[in-house]
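Both of the next two complexes hold chain A, though its partner changes from chain B to chain C.
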Partner chain A sequence: MQKNRVFVNAYESLSCAGNTAELMEAIYAKKSAITIDTSYMTEHKAGLGSFAPHELFPSLISVTQAVLDQSNLENFNETLLIVGSSVGGIGKSEQIFFRDKNYKNIDPKEHAISVLSDTLDKAFSFKDSRSISTACTSSANALMLAQRLINLGAYNNVLIVGADALCYTTVCGFQALGVLSTQECTPFQTGREGMNVAEGIAALLLQSSQTDESIELCGSAGSSDAFHMTNPDPEAGGAISCMQKAVENAGLKITDIDYVNAHGTGTQANDAVEALAVETLFTHNPPMSSTKAITGHTLGAAGALEAVIACEVIKQQKIAPQTALKEAENTTVNLPSETYEQKINYVISNSFAFGGNNTAVIFGAVK
Partner chain B sequence: MIYVHQIGTLNCNENEEFDVKAAWKAVLPKSIRRTDRYIQLSLLGAYRAVEGVKLPQDTALYMASGQGNLAVVKRLRDQLYINQQPPKPVDFINSLSNTAGFYVAQFLNIEGKNLNVSRLGFVVETTLLLAQNDLSLKKEKMILLGGVDERQKSRSFTQRTLGISDTTALGEGSNWMLLSAEEEGSLASIEVGKVFLNLENLKEYIDSLDETTKIAFGLRCEKADIDVLLQGRKRFNVSCDFYESAAIYYLTTFIVSGSGELVFIDRYKERYRVIKVKLPTA
Partner chain C sequence: MKINFKIIAMAKVACAGKCDSLDEKRIVPKMMLRRRLTRGSRLMVYLADACGFSEGAVVYGSAYGEMQATADIVGAIDVNEPISPTAFQNSVYNTAPSYFSLLHKNKSEILTVSNGNATSRNVLQTGALQAVTTGKDVLLVCCEAINIPNIDEVNSCTEYLESGVALTLVPTDEEANVEVAELEHKGFAPSLWNMLDVLIACESQESAVVALEL
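Up next, the complex of A and B:
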C-alpha cells in the first residue's frame, strides 16, 4: 500500500517560557522559565511552570488561531482535531468548587478531557474530533495516530493539540507521590530532586501536502512495558522498544538520528532508565537533552510541545543544550552543555507515561 | 476489514448488582493490589475474552470508555476539596486514564501499544476505526480492544455527565474483542464505516443492504430514527441499559447468538455511524 507522507506545516505553542520563538530563545540561552511557588501548597515549595497571566481556554483558541493563520487553510472544516490531554477541564472545576464550596455548579462535561476538543470545535468547526488521554504520552500518542490516519489517506489535514493547565490535583498529586522538585528541575543530574509540574499548549497542523516550510513526521511507535504502575522497566525494555520501532517505522537506521529530545522529567526513575535506553540503542552517541529544564513537565501537552521544539531544532539546525546540568549521572550519554550548530536531519522525541506507556516520534528535514 | 478471534462480555443492567470482587475471586484467588472497581471490571472483561489463550507479547491494547474511571475522580476531588488533604497516591495514580490499561497489560503480560480513548458519542466506533487502520497498515498484528464503563452511585451525576435524560436506565459493562487482520479461525468480520452519515445518507445505505441483514440501534438512537430506518427489516434486540461503550456488547452478543450479517447504527448529535458485522457461514 502506498502510504501518504506526513508533513508538519504550521505550529505554535505557549508555555511558561512564552510562545514558540521565546521558548526557543530560552532553550538556546539555557534560561529556565520555572518559578518557585507556594500558592498550591502553603507548606511546601514547588518548582512550577506557569503561563499566567494567560488562561487555558482563551489561549487554546489563540494558539489554534495562530496555526490556522500560518497555514494554507481558510478554516478547519475539513480537518480532524486530535487533542492530547491529561488534565482536561479539572482546573475549571476546581475554581468553581473553591468559589462555591460545593459541587453543585460543576458541569461534568466541563471537567472531562473532551472539554478541550469541544471548546475548539465550537470555535473552529472541525470535521471531527477525538481526545486521547494516556497521561504524559497523550499528545505524543495523538501525533502517532495522526500519522497513521494520514498515511492511510483517511484525512489530509489533522490538527494536533496538546494542552494541560496547572491545577491542585496534579500539583498535590505529584507531591503526594514524592516526585516534585522544590527547585528548577535538573534532568540527568546526579542527585536530582524531581520534576516540575507545568502547563502548556502546543498545536501542530499535519498534512499530506508539502510546503516550503514543511518538516516531515517520519515515524512513530508506542510500547507498553507494563512493568510497574509508576516506575519504568529498569532494564529500559519499553523505552528501547518504542524508539527502535519508531526508527524502523521511519525507514531509518539508528545512526541516522542526530538529536534526542528526551522525556527527561528530572525524576530519579525516568532519567536513569531513559539514559540507559539511549546509551544502549544509539551507540553513535547523538546529543540528547531534556527541554523540561526550561518548560517543566507539561504532562499531556509535553509530546506536542516537544514536537514543536524538535521541528524548530531541525529548522534552526542548532542542538538544544542540557540546561541545569552540572554533573551527569550517566556519563556515557552525550548531554551537550552548550548550544551548537550541526547538520540535523532527524530528531527523535520521547514521551513516557505512568503505566509504562511509551511513545517515540521522529521528525526530519524534508528530502 | 478486521476479524474477531475472541470475545468476552460483562454486562450489568440497572436493576442488577454485580459483585466484581466475588467474580474475580472465582477466576483468581488473589486480588490485584491497589486496584479499584473500574480497574477490576476492566481486568475481568479482558480475562473473559482471552481466557486460555496465550497472547503474543506484542499484542496492543485499546480501551474505550465514555466516562473513564469516574468514581476515583470523585474520590480524589473529595480528598482534595472537601477534606482538604493531599490525594492518596493510589487514587491519584488510578485517576490517570491509562491506569486500567496498565493493569490489564501487566496481568496478560502484553507489551504492545497501550491506548485509551475516552469521549461521549461514537467512542467504540472511533476506537474500532483506529484498530481497523492500524491492522490494515500492519502497524499492529493483534489488538485486544475493550470498552469499559462503571455505573456510578449518583444517577443524576452520571446522566448529566453523559448528557442523557434523567429517565434513562444506567448499566455498566466491560466487553472485549481480540482483533486481527487474519480471517482464518475468526468468529466474525467487522467493518467500521469511515464517514459520518446524516439521516438521508443512512436511509440510502440501509436500502442498499441485503434484505436479510439485521439492524441494531445504539443507545443514543431515538425512537423516531428507528421508525424511519427500520422499514420492515428485522431488528436485532439486545437488553442493555445505557453506558457509552455498550456498542461492543451489541456486537459480541450478535457474534454469540446471531446469524448472517448485522449493521449496528449509532447516533450522536444528529450524525450517524455504522458498524457491519458478518458471521462466517457454516
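Up next, the complex of A and C:
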C-alpha cells in the first residue's frame, strides 16, 4: 500500500532558553539556560530549567496559536491533537494538597494528564484529541503515532504538543533517585553529576501536504528494554533496536544519518548506554550531541522539543555542538565541540524513558 | 478510517475495594518483582494472563495513573520526609505495562494513553493503529486503581475502586459481526466504558469481529 508522506509544516516551542529562535541561538552559542535553584528543596541545590515568568496553561495556548499562525490552516477543526505529557496537572494538585492537607479541593479533571488536551480543545476545537503518557518518551511516541496515522491516510493534519511543567514531584523524585545535578548538566562528560529537570512546551503541525518550508518526518520506531524500571539495558539492546527500526521505517541506510540528537540526560546510566548504542549502530560516526545541556530534561515534552531542534538543524544546515563537554567518557562517538556547517539530510532524535520505553524519530530534508 | 478486527480474547475485573484474587504468586513467581508491583500493575498482569498474552505490542490506558505512588510522594514532600525511590519510579503512567514487559521479557512497543473519560476510546483507537501497523495481535488494557486512603474526598461516582478491562485483537478481512453500543456502565470509572462496550458486545459472539476507528 502506498504510504502518505508526513511533513512538519509549522512548529514553535517554549523552554528555559526561550522560544525556538532563542533556543537555537543558545544551542549554537553553547549557552546553557539552566539556573541553580533551591526553591523546591531548601537543603539541596539543583540545576533546573524554568520558563518563568511564563506559566504552563497560557503558554500552552500561545505556543499552539503560534503554530496555527504559521500554518496554512484557518483553524484546527479538521486536525487531530495528540498531546504527550508525563506530569499533566499534578503541579496544581500538589499546591492544593500542601495548603489543605487533604484532597477535597482537587479537581480530578485538572489533576489528570488530560487537562492539557482539554485546555487546548476548549481553546481551538480540534477534530479529536488523544494524549500519551509514557514518561519521558510521551511526545516522541505522539510523533510516532501521528506519522502512522498520516501514513495510512486516517488524518491529513495532526498537531503534536509535548508539555510538562516543573513540580515538586518530579524535582524531588529525581533527587530521591540520586540523579539530579547541582549544576548545569554535562551530557557524555566523564564524571558527570546528573540531569537537570526542566519544563517545556513544543508543538508541531504534521500534514500530508508539502509546503516550501517542510521538513519530512521520515521514520520512527519504539521498543522496550524489558530490563529494569529505571536503569537502561547496559548492553543497549532496546536503544539499538528502536534506532535500527526507525532507520528501516524511514527506508534509509544507517550511513544516511548525518546527526544524532541524543536523549543525553547527563545521568551516568543513560549517557553511557546511549553512547554505546550510537557507537555500535552508527559505525560511520555521525556527530551527536545532547541539547539538554541547554534546555535541561523537559520530560514528556522532550521528544517534541527535540523534534523542533532536529527540524531547525536541518533548516539551518548547522550541527548542534555538545555544550559543557570537557572530556568525553566515550571517546569513540563523535561529540562536536563547536557549531559547524555541514550538509545535513537526516537527523535521528532519541527519547528514552522509565520502564525501558525507547523511541527514535527521524527527520529529513524534503527530496 | 474504520478497520475490522477480530477479538481474540477478553477479560475484566472489578472490585469495590482491593482485588484480592489476582493470582499474583502464580503469575509473578519472582518475589522481588512481585513486591514492587503497583495495584495497577497487578490488575494489568492478571488481565494479560487471562487473555493468554505475553509477547507483542501493548496499549495501556488509565485516566489517573498510579494514584498510590503519587499520593505517597506528595505526602512525603508535605511532611519533609524522604521520597521512596520505588514510589517515584512507580509513579509514571506506563508503570503497569512496563512491569508486564519485565515479567515476560517482552521487548515490543508499549504505549500508554491517558485522556480522562476518553481514555479507553483512545486505547481502542491506538490499539487498532498498532495492530494495523504490526499486523499482529495487540493487547489493549485499561485499568483504574484508585483505592487509596481518603479517595472519597474526590470520588463520588466510581464504585469499583479497582477495575480493568482487556482485549486482544488482530486486523482481519472478515466482515464485522458485532454492533457496539455506547452504554453507561454504572459503578465503573467512565475511562473504561468504551472498552467495556466492546467487551459486552463481543461476549455473546463466538468469533467476534468489530469495526474500530483508527
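Just so it is clear, the second predicted complex is superposed on the first by the 362 of 367 C-alpha atoms of A that agree within 3 Å, B and C clash if a C-alpha of one lies under 4 Å from a C-alpha of the other, contacts with A are read in each partner's own complex, and residues count from 1 in each chain.
The criterion applied here is as follows: contacts are C-beta pairs under 8 Å (C-beta built on N, C-alpha and C of every residue); 3 or more make two chains touch, one makes a residue touch a chain.
No experiment lies behind these values; they were computed from the predicted model shown.
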- Task: Sticking to the clash and touch definitions up top, decide whether chain B and chain C on chain A clash or fit.
- Result: clash
- Task: For A:236, select first, second, both or neither according to whether it touches chain B, chain C, the two together, or no partner.
- Result: neither
- Considering only the touch criterion stated at the top, classify A:143 as touching first (chain B), second (chain C), both, or neither. neither
- With the two complexes superposed on chain A, say which partner A:153 touches: chain B (first), chain C (second), both, or neither. second
- State whether A:257 touches chain B only (first), chain C only (second), both chains, or neither. neither
- Query: Thinking of the overlay built on chain A, is A:201 touched by chain B (first), by chain C (second), by both, or by neither?
  - Reply: neither
- Query: What is the contact status of A:104 with respect to chain B (first) and chain C (second): first, second, both, or neither?
  - Reply: second
- Doubly contacted residues of chain A, that is, touched by chain B and again by chain C: 86, 93-94, 97-98, 103, 108-109, 111-114, 117, 130-135, 141, 145, 148-149, 152, 154, 168-169, 172-177, 221-227, 229-230, 237-238, 241, 353-357
- Per the touch rule above, chain A residues touching chain B in the complex are 1, 3, 41, 86, 93-94, 97-98, 103, 107-109, 111-114, 117, 128, 130-135, 137-138, 141, 145, 148-149, 151-152, 154, 168-169, 172-177, 221-227, 229-230, 237-238, 241, 249, 353-357
- Task: Name, in rising order, each residue of chain C that touches chain A in their complex.
- Result: 1, 36, 63-65, 70, 73-74, 77-78, 82-85, 88-95, 97-99, 101-102, 104-116, 118-119, 122, 125-126, 129, 132-133, 150-151, 153-155, 214
- Item | Interface residues, chain B side, partner chain A - complex | 34, 61, 67-68, 73, 76-77, 80-81, 86-89, 92-93, 95-99, 101-103, 105-106, 109-120, 126, 130, 133-134, 136-137, 139, 157, 160-161, 163, 194, 196
- Which chain A residues qualify as touching chain C in the complex? 86, 88, 90, 93-94, 97-98, 101-104, 106, 108-109, 111-114, 117-118, 129-135, 141, 145, 148-149, 152-154, 168-169, 172-178, 221-230, 237-238, 241, 353-357
